[in-house]
Structures are given as C-alpha cells and as structure tokens.
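First the structure, in the form of structure tokens, and then the observations on it.
First chain written, first letter: the chains are A, B, C, D and E, and each begins at residue 1.
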Amino acid sequence: MKPLPLYASLVVGLAILAAAPLYGDNYVVRTAAIVAMYGALATSWNFIGGFTGYPSFSTAAFFGLGAYVGALCQRSGVPMVVAWAIASVAVAAFAALLGGILLRLRGHYFAIGSIAVVELCRLIVSSWSSLTGGGDGLNLPLVQGTPEDLMRFFLMVMLVILAASLLVTILVDRSRLGFGLRCIHQNEDAAAMVGVNTTAYKVAAYTLSAVFCAAAGATYASWTGYIDPTDSFQIVLTVKVVVMALLGGAGTILGPAIGAAAFVLLEEVFWANFIDWNRAILGLVIVVLIFFLPGGLLSLRRRLMPGGAA
Amino acid sequence: MAIYLQTLVNGLMLGALYACLAVGFSLVWGVLNVINMLHGSFIILGGYLTYFAWHAYGIHPVIMLPVVAALMFALGFALQRGLINKVVSAPVLTTLTLTFGLDMILYNAMTYFFTATPRRITLDLGAISLGPITLPVDRLLGTGLALLLTLLLYAVMRGSSIGRAIVAVRMDRMAAELMGIRTDRIYAITFGIGALMAGAAGVVFATIFPITTNVTGIWLGKAFVVCVVGGLGSVPGALVGGLVLGLVESFAGHWFGPQQAMTAGFLLMLVLLLTRPTGLVGVKGYE
Amino acid sequence: MAEPLLSLSGVTSGYGQIQVLWGMDLAVNAGEVVALVGSNGAGKSTLLRTISGQLAPSAGSIRFDGTEIGGSRPDIILKAGIAHVPEGRRLFRGLTVRDNLLLGAYLRTDKQAIADDLEWVFELFPILRERQRQDATTLSGGEQQMCAVGRGIMSRPRLLMIDELSLGLSPRMVEHLGNALVALNKAGQTILLVEQDVMTAFELSNRAYIVENGRVARTGASAELARDPTVSDAYLSI
Amino acid sequence: MSDPILRLEGVSKTFGGLKALTDVSFGLNEGEVVGLIGPNGAGKTTLVNVVTGNLRRSSGRIMFEGEDVGLQKPYQAARRGLARTFQIVQPFPAMTVLENVTAGALFGGGAASVGDARDKARQSLEFVGLAPLADRPAANLALAARKRLELAKSLAMNPKVLMLDEVNAGLNSSEIDGALDLIRKIADSGVTVLIIEHLMKVVLSLSKRLLVLHHGQLIADGPSREIVSDERVIEAYLGQKFAARLKEMHHG
Amino acid sequence: QEVIKIGAPLALTGGLADEGKKQDIVWKMWVEKVNAAGGLQVGDKKMKVELIEYDYQSEGQRASQLAEKLINDDKVQFLFAPFGSGHTKIVAGVGERYQIPTIACVASSESVFDQTFKHLFGTLSPNGGMTTAMVKLFKEKYPETKTIAVLGRDDVFPKSMAEGIAKAAEAQGLTVAYKELYPVGTMDHAAALSSIKATKPDWIYITGYTQDLILARKQMQDLGVTAPIVTMVTGPSYKEFTEGLGKLANGITSSSWWHHATSYTGEGVWPTTAAFYEEFKAKTGGDPDYVHGSCAAAGEVIADALERTGSLDKAKLRDAIAATDIQTFYGPIKFGPNGMNLPRELPIIQVQDETIKVLAPAAIKNADMIAMPK
C-alpha cells in the first residue's frame, strides 16, 4: 500500500474505534475495545507469522503470562500502569529467551513447539499455587470509577496498544529488520547466505510478537478483575488470532487488524442470532474464506480495483 | 516394588491407547502435510456412534468396530476428496485453519445432537489379578485392540503396495504420479485411514473414557505429543511415542503427583523437539 | 513402414498461461533409441511430461501404439506402456532401493513376472543388488540414476523415456550408464532420451531431434547430425 | 607469494559414520581462479558448506585472511566476504530480482540503508546483464537468468572469495559462454573464485589450477593440464573415454 | 407495562453445558409460574418477569462480555451468575461495577465472596460446613477410620473441598496419607489411584466434575482400589453420576447443599419442598438436585426484595437483598456480611441400591450409612 492511503485508513480505523462512546452504548464501546485488543494480538502475531513466516501459536502464552505478571505486580502494590509496563517487559524478555531455543525449529515442528508452550504455561501456572493461586485464579483490585468511564478508559488503553503495535509494524516494514524478516520468510538458508543474522532477526520478531500481547493481557486482567489458568491460556485464543490474521491478510500491515475486526464482528452477529449454531456458522465462514479469499480480505481490494493495488 | 510394576503396566496400557489415538493423525500429517485439527472430534464421533449403537440397540462395541471404521473411512475420504484436497499444497497455516473451521462445524453439530453429557459404555468385565498387579479386563481388551489395529496398519504400510504408494506420495508427489499412482486418491485414502483410526480409537475409548465433546481438545493435544515424541508419519513412530508418553505420564504421576503428569509429557515433547526433531524413531527427511 | 510406436503431431502444451510447446511433431519407432537435444528451457522436459500425462496437451494428438493418449491420466498412460524417468531422478526417500524399484511396478499385478524383472534389473545394475536394503536417497548420484532407470524398467514399458541422463554425473558415471542403456536397447527396449550433453546423446542414439523454443528445429540420424558443422557449432563445443 | 586468502588445514567432516571430508588441506591465493572437481558425492558441496559455516567442520582449521573462521555462522561468512552460490539455486521467490540483489547488498555488502543497497543492487544487475529484468519476480526467471541472479546477489555482497557450486549445470552452450565471460569479469575485478563443476569445458577454460576430491580426500592439486592426465584422476573421475576425448582436443 | 428483567449468562454449550441447562430449566419454570400468577408484587402493582439468557459457551471472557451486554443493551435489573465459582467471579465483577445485584446460585467457595463485592449474593452455604460435619459423622460411625487419601481437581471448588477435608480430617485426628491435585484435562487417574492403593487408606475422598468422578470410580474398580469409605464430591448429587455408573455408584458418599428429601416450608411460588419436587418431576421426569433447588430459590430472593422495597430503585434493592431473611422450599436464606447464605447443616448423602439416601442431618435422615460394598 502506498504511504498515503495506508496512513489514511489507519487513522480512520482508529478514529472509528475511538469514537465508539459517541455513537454507541457501553456494549458497543466494549466491542470496540475487544476489536482493538484482538487487533493488537493479530498485529503482534504478524511479526513472526506474517513477516517471518513462522507459524507461531504462542499468542495465548504471551497473553496469559502478561495477565499473570500484571496481576501479581498489582497485587503486590505496584500501580496499575506500571504493572502493565513490567508485564510487557518481563514477557518480552521471556519470549526472547524462549525464542532463542524454539526458533531453531522450522515449519510444523515450530508450530507444535509454540503450541506446547501455551499448554506448559497453563500447567505450570496452575500447579504453582503458592504464587499464582493455582486453579483458584487471582483476583485483582477492581478499578474505581463509573462503568462508562472505565469502559472508555480500557478502550483507550487497548487502542493505544493497537496503535503502538501498528506503528512498530510500519517501522519494521520499512527497515532493515523488515527486509531481513521477509528474506527469512522466503528462504531462510539463502537469507543466512546473504548475511542476515537469522537467529537474531527471528528472535527479534518473536519478541515483538510477545510484547503487545503481554500488554493486552495485563490490561485485560485489570479490566475483568479475575483471571484463572484455564481462561488465560486458551489454545482457542491462539488459533483464533491466527485465523484473524489470515482472514485479513498475513504479512500486510493493516490486514491482521482488519481481519480481527471482521472476525469479532462476525462472531457477535452469529452468536447473537444463532444461539445453537454460532460455532458451526463461524466454522463455515472460515471454510468459505479459505476457498474464496485465500489471500485474506485485503486481497479483495486488489480484485475489486485492479490497478488500485500498490 | 508392586507399585512400580503396577505403574509400569498402567503406563503401557495407557500408552497403547495413545498410540492408537495418534497413529492416524501422524499419518495424515506426515503424508498430506496437513495438521488435522478434526482428529479429536473424529475420535469422539467414533465414540458416540459406538455409544448410541450400544445404548439404543445393544450392539457390542467389538461388533461396532468395523462398522465405525468403515463409516469414518468414508467420511474422511469424502472430506479429503471434496474439500481438503483443493488446498492440500497450500502452506501449513491454510490447511490448519481449514480443518479448524471444519472442526468447529463438527463439534457444534455433535454438541447439538448429542449434548455435552459425558457418555460411557459399561462392559463390567472385571479385572485379572496377577500377583500384586491388577489388570482391568476392559482396558486390557482396549489395549489389545489398539495394539492390533496399530500393527495391522503397520503391516499394510509396510507390505502392501498401497502402503508403499502412501510413502511415495508423501516423499515426492510428482514422481509418484509417474509410477501410475493417483495421488489425489492416495491422499483421500490416507485421510480416510486417519479418520478410520480415529474412529477405531473412539470405539475403544468409549468403553474406557467418558465420551463428550469437551475432551476433543485433550485428545488432539495427546496426538500432537505422541507424534513429536515418536516421529512423524510412521506407524512405529506413533507406537513408540504413545508407549513412551504413557510411561512418562504414569511414572511422573506416581513420583511427582498427578499435577505434574501432563507437564512431564509436554516437557518431554519440547525437549525432544529441540534435540531430536525427527522423534525417537523418526527417519531423517520425514519432517 | 509400419506405424511408429509413438507419434506426436502438432502438440502444444504448457503451464497454465505459459505456453511452452508450439506444435511438436515427433515419432519413435519400436526398437529405436531416439534422442531429444536442445537448449535449456527449450521444452524437452515439458514434452516428456505431456507425453506421460502430467500435463495435458492443449492441441494436437499423441498416439501410442495406434491409440490416442493425449490428455489421459498418468496411470492410464503408464498402463499403456510408457514409463518416464524424471529429471533429477526423484527417488523416494524413506524407502529402500528395492521398494523404490517395486513402486515402478505399482500398476502391475503379475507377482511372478515382477520378481523376474527385479532380478533382471539387478543383473543390469549389480550395485543395486548390493544396496537393495539401503534408503535409496543415500546412494551416490550415479547409483541413484541407475535406480531411477531401473524403476522405469520395472513397469515393463514398451517405451522408456529418460530425462537428463547425465545431469550432475561425473564423466565416468555417464560412460557407465550409457553402456547400460545400450545393453537395454539390444534387449529390445525402445528409448526416448533427453540429454543436455549433445555428444553423449548422439553417441547413444540412432536418431535425434533438436528442439528449440518448443518446436523441432532439426531431425535426422544421430551420426549425420554429429557431422553437420552447423549443429556442432551451436551445440557441440565442449 | 603472499599468504593465501583462504586456507584449509586438515579439515574433516563426518556425518554419523560417513566421512564426507577427510583431512583436506589447500590454500587459495588472492585473485586466483581454482577449479574443484570430483565424482558425485566426493564432498565438494560439503566442502563449501563447511567453509561458509552451513555445516560445522568436525576437525581442522579454516583460515580466512589469517583468522580461524571454523566456528562462524553463515551470515558471518557472508559479512566477511565469503560468498557462495547454491548447487540448487536459492532465490527469494516472491521478491523481485532487484529486491533479491538488494538483500545481498544490504546484509552482506554492509550498505548503510535500504536505499543505498538498492543503488548498489542496480549496479550488480547491470554488471551481470539482468538490469532489464529487475522488476520481475524471481520465481518467474528461466534457469539461466536465475543462475545469473545468484551471481548478482553474491556480487552485491562485495565478496573477497566467491565459491560457485555448479553455476553452469543445466545451461546450454551459448548460455555457458555468457556465464564464462561473466565469471572472468568477476575474477578480473580481483575476486578469488572457486569453481565447482562437472563440465570440464568450463573448468578448464577458467582455471589454471585444479583440486580433485575423491571420497572426501584431496587426491590432486596442481596445474590443470597435468591434473587431467593424472592416472588417478582419470580412474576416479574422468573415465578413459572422456580422458581420451580431452587429449584428442588438446592435440587437435 | 414495565417488566422486571433478569439477565443470565449461561453455559448452554461447551464444557459446562449440562450444568447450564439445569439452571435454564428451573429458571424458566420459576418465571412461568410467577407470570402465570400475574407477576411479582412491587409496591402496589404486579410486574411481569422477563428472563434474558445468553449462551457464553463456557468461556470466561464471553461470560463477562455477555453480562455487560445484558446490563447495557437489555437493561436488566438483576443478574443470575452462571455455574461454578470461577465464572461466578467473572460475572460478579461486572455486576459490581454496574451496581447490579447478582445472585450466585452455584458458587460455594468463600474465595468468591471475600472480595468485598457489595452486589454479590450467594444462595449456597459456605462449603466449609461440608467437611467438618462429614468427618465427625464418619468417625462416629466407623471409629477405626485412621487414614484418609484425598485427590482433587485443580479448580476453584473441587480444590477448596479437597483442602477443606484434609484440614478437617487432621483436626479430628486422622492421618492424611495422600493428598494431590490433578489438573483440568486429566483423562487418566491410574497413576494417582495406584499410589493411593499403596497407602491402604480407610477413607478415599475425591473431588471433581461428574466426568472426572465417573472415570475415577471406574478406574478404582479396574485397579481394585477401594476403602471402607469412598466419598466423591459432588458426584452423587447429580443424577448423571448415578446413571453413568449404575451399580458402581453404590456405597459412595457425598455432601450436598440441598436434597429433595428435606422438607422445608416457606414463601414463594413453591410453598414446600414437596411442591417443588412434584412439579419438577412432572415437568422433567427426573429428580431435582441442589443446582435446581438453589437456582429456583434465587428467584425467590429477588421476589422478596422487590416486595419489601416496593420500587425498582437500584440502591434500595441492593440493601433489601442484603437484609433478606426468608424461608423457602430450599431452606432458610439469610445473607452473611460477605453475601453468602448463612451456614446450616448440610445433607450428607450416600448411594444405596442406586438411589440417593440421606445420612444426616438427623431431621431428614432416611437411611443408615453402609460400608462400601466389596
């Protein structure tokens, strides 16, 4: 996409979400916040999954760890926003370490390894009861304020995280790092042969894919006020985020966020209107999309406006 | 001492079931390069078919085994032929997302028609005592069936020309076509075999574990672990992987408590992924 | 003269939008060795793929032993008697040499004859007998080529097509394989050979076709072509 | 003569029980063009892989510009100026030709920015004659052009030593002639070149010195003319018929 | 005409679907009955009740989303929390934020109620009461009971029961020979049961969801693991348990919050336990369990508060609920300072001849305890 339309659609998109309180009730605002949250998760995934082409399924691990680190910090008296920052940094460090080990795997094996991380995190958090409360979960101090104010506040926080992840995406896309990641995606051996430090680059991408997830997780924990291992480390979340990114267009700048918005809205519609069959209908939509829009929603633009694509 | 023997036996019996559950998944992954997210639901579907046949008509699970196997083969064959084949050469993420979507549909349908109530077949066959160890007969039967099925599949893969064709297609699709092998049909057969083995595992499981849609994810997770531990795409791989996982869970459960049993399984898998990505008995190049 | 075993007339073919063959005419008589030579990307492999059914011709006719086979499925063409040893050997990893050879006979059901043919391949390439339990892809390049040719023979074809016999092989190995092909032909095997090394190709064949840009540019007896100065200038400078 | 720019001292490489390289020692002098021949599976590609860090040598030393680089990673080799091509060409298929070469200039050639790298990439494309195809996706190139692309990419990395693994295999005579000119041009610009090739025409017309590997051992190292008439080399590699043909050519 | 709106995020699909459906059945029964009688008394008029349910598919995140939707879009005045302590916590958090009174019918862990939420009320009594009395009763009955083995699911309620029983047992002089938790998703208990067998305990106490317990009981049988006393919480409280196990269920003891054999009388649409039982049986063909009882009683709490307040004022309603002190078919309801129903003597039950018998408290006892059949 050319810079101008890109920035324009980015600003318009964020503005539509940010303006939710002006045109909708709390439920709409909440949906906007959820869209922003999933948008941030899918955009994060894009660093490792879209740019680098590593099928990572670690999103839920980063999200859950972010939630737990944030919760633990807050419970020991750290102010909320500081707790979120600590969670992001700590999980990023964790991802960097883990990435160093896990990214030696390729293809399916990497996919499996990254899924195993989610399950392991869940099992460890749930058996380390002395710290995490185990299956009891953790309560967080409820944030004070009217529901409307709170909802707006969390919408704004999620939007900031989304905006930050998109901004970093744009920066990476134009930099050496982005170029190197795309090379790795295409052909890792060849990338190493032209001098790309593949390990460092992959770890960087993996870490970037963690940091915003952790921030979103920590924020989400403060928002709901209660977390437990089963809900924090859900394989379903992980897969959903990947589907969102693919739906929008993996490897593009705005695609994952757009995919997230589309997915969340579809989910809302189906699930409000088809109580018994919402899951199946969503599944059907996924199947249909795979067949008719394999390049994601963004490829639609190219199809509808030949020549309009950049 | 007795407790170790018992733990060993528990582990082996569990392991054989794991092998049976994973072998179809492993084959589909290895040959078609498709991570079949439907596998867990296939197992449960097999279980439900068996349960309702038993519950409504009193048909014994052993009789249902070939019936379920045939039905599931047909279902798998049709799914592959009609849908999955169309994107079979797309990247991992595409096929994974597709089977994930299909799984959502199947899962939803099963929950709708069968409800989430856990079902179980009680055969009440008693137990055999061998000195200090106790062997539950229905589990023993299940273990035996699981092993038999796995070995049968091994024989087919090893000795028959279909088996050779499956391996050939897995390694080089184009060259396989030149041997006169119809790859789309082999794909469908392989996916059918995957579904068949899942269904057969479901029949065996219905007599041992509760059958409910909630557990599809758990079984799918086990299949993953077994594949990685044993090595992808080969029957002996699934067998070794299953037995090892069963033993690890059993002994870890005994030594460190049940809370650590599953953790140990996943840790084992991670360690193996990093040190021996081809799995314990995997062949180089099978990845 | 009787009808040729294989005859192509006006065959066009390609990959999706990209047309590669532009009206090919070619004939192979029973008992002959025919060579196809031509520059890289001229369409030689594409031609073999079209004959063996991996690609469907968009026009023209391919007749084999009196019946039209153009556009049939690979398994049907193989059954009709055409085997194709592909470029780059393409042996199956994870299968032994023996299993690879047996896969060549995948469509056959005559167990005893298969066993005899296997024996014959082992006689032709004794090294394969020694290595029959080894994973085929751990063989050296030349041995792999022998295994690939052997696998082609195992379908008991009436026409054996070999793509790039010598690619990536040492000169010594090429010599060895060449001898084997001559022996095979003596035993009655009809062969269509694609070969980059024109010298080798002319040495092994009775007749040759020179392919350029998806069309036949020259054809004739190999010995004559080898003497033709215009041919040697373009293709024979070592 | 000054010290060799690249020197192998007793390098061995084993895969499990298989000895792919056994105690190989030789040196390449700056600006030299050397051919490396040997039967299939002799270990030629393995040797290149060991030098560029794609494989870790089992023992021995690999000295580049006086420094032991035996433990380097491939990307470090690239940045040091040890470039190579792959026997099976490895482009970034979905990128354009220009982007492919830009990658070389950016990461291996040490360009300061993506813009600079692009400029340098244009120069290399010009040099190998691919400039007209700059905006084509690399996947669409014909084999000869793909091999040229591989060369352009290596050139953009400012290599000091360039190892060419069968860059001419599969090319026809006129394409080979073009490639030969190109390689000569590269060598003339001062780059040390190691050519691996089964096409004796190519090897002999470019290099005055030949190395011969057989079963992982270096069985000969010397002036080309002598090597091709060496009995051991004929026995192991050339075969009698071909050797005779070569001899005939030289006399005729 | 104005209506009273009650919102309920329910698990109608997913892992907790069966439990969710139970809530659904009784709530609908209650609403139907109330509306048939013209509605609830609010001040001097009667108002109809509308129950708005959404399926949250057993996913916590969705439960909170739906609670919010109920409050914002559907403008409900009350919330019924879903099954289980974990999801109750999530929904209660939303209710608290919007100051919407939330009635938790199936959450008994004190940890749910100790967060100083002002709008959360629970109809179950604290599960602390379930352990001490049980140890006491069993020791009385079988004085030779010396050791206990405890195996619990690592989840809010089952875990707190497992810890509670171990503490109560130790306090009364028993030795805890084995105590472990198993993680959610465990499909095989052979290792734990074999270890338990090796300790030869006098009493085996296992907690978990029905599906876990069925599996555990089956494997105990398979592996020849038994003890004079076997307790499974809350297994026999559910008919799925007894139906799923058949004869194998015999002898298993458990505790429950309510049993239909009790006879309470009180206000509300069902004046007596028997009246509720009859109607339920007629409607569904089965016996109600504590989930049914507690959920139906939750409606009565709301009815009572509306009647006393006489208006729909949020703050007044909350205070009125906090001051609840009523008798119902389900028993007395009076909330303690943390919002939980006050402790009372809870039924201890045992499966005998595939039916549920009540062993205690004395007032409703209908059978004597028996040892586990061999």
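The rule is short, and it goes like this: contacts are C-beta pairs under 8 Å (C-beta built on N, C-alpha and C of every residue); 3 or more make two chains touch, one makes a residue touch a chain.
Note that the structure is predicted; figures quoted are calculated from it, not measured.
Counting hops only between chains that touch, chain B reaches chain E in a minimum of 1.
Contact with chain A and chain B alike is made by E. The most distant chain from chain B is D, comparing centres defined as mean Cα coordinates.
Centroid analysis (C-alpha atoms only) places C farthest from chain A. Per-chain Cα centroids separate chain D from chain E by 76 Å.
Taking each chain's centre as the average of its CA atoms, chain C and chain D sit 31 Å apart.
Distance between chain centres (mean CA atoms), chain A to chain E: 37 Å.
Each of the following residues of chain B touches two or more other chains: 108, 217, 221, 259, 262-263. Annotation for chain E: residues touching 2 or more other chains are 13, 154, 181, 183. Pairs of chains meeting the touch criterion are A-B, A-D, A-E, B-C, B-E, C-D. The residues of chain A lying in touch with chain B in their complex are 49, 55, 101-102, 104-105, 107-109, 111-113, 115-117, 119-120, 123-124, 126-127, 235, 239, 242-243, 246, 250, 276-280, 282-287, 290-291, 294. Chain A meets chain E in the complex at residues 25-27, 30, 34, 123, 126-127, 129, 134-137, 139, 142, 147, 150, 224-226, 228-231, 234, 236, 271, 275-276, 278-279.
The part of chain B that touches chain C in the complex is made up of residues 161, 164-165, 167-168, 170-172, 174-182, 283, 285-286. Residues of chain A touching chain D in their complex: 174-176, 179-180, 182-183, 186-187, 189-199. Residues 52, 54, 73-75, 78-79, 83-84, 86, 90-95, 102-104, 106-109, 113-114, 153, 157 of chain D are the ones that touch chain A when the two sit in their complex.
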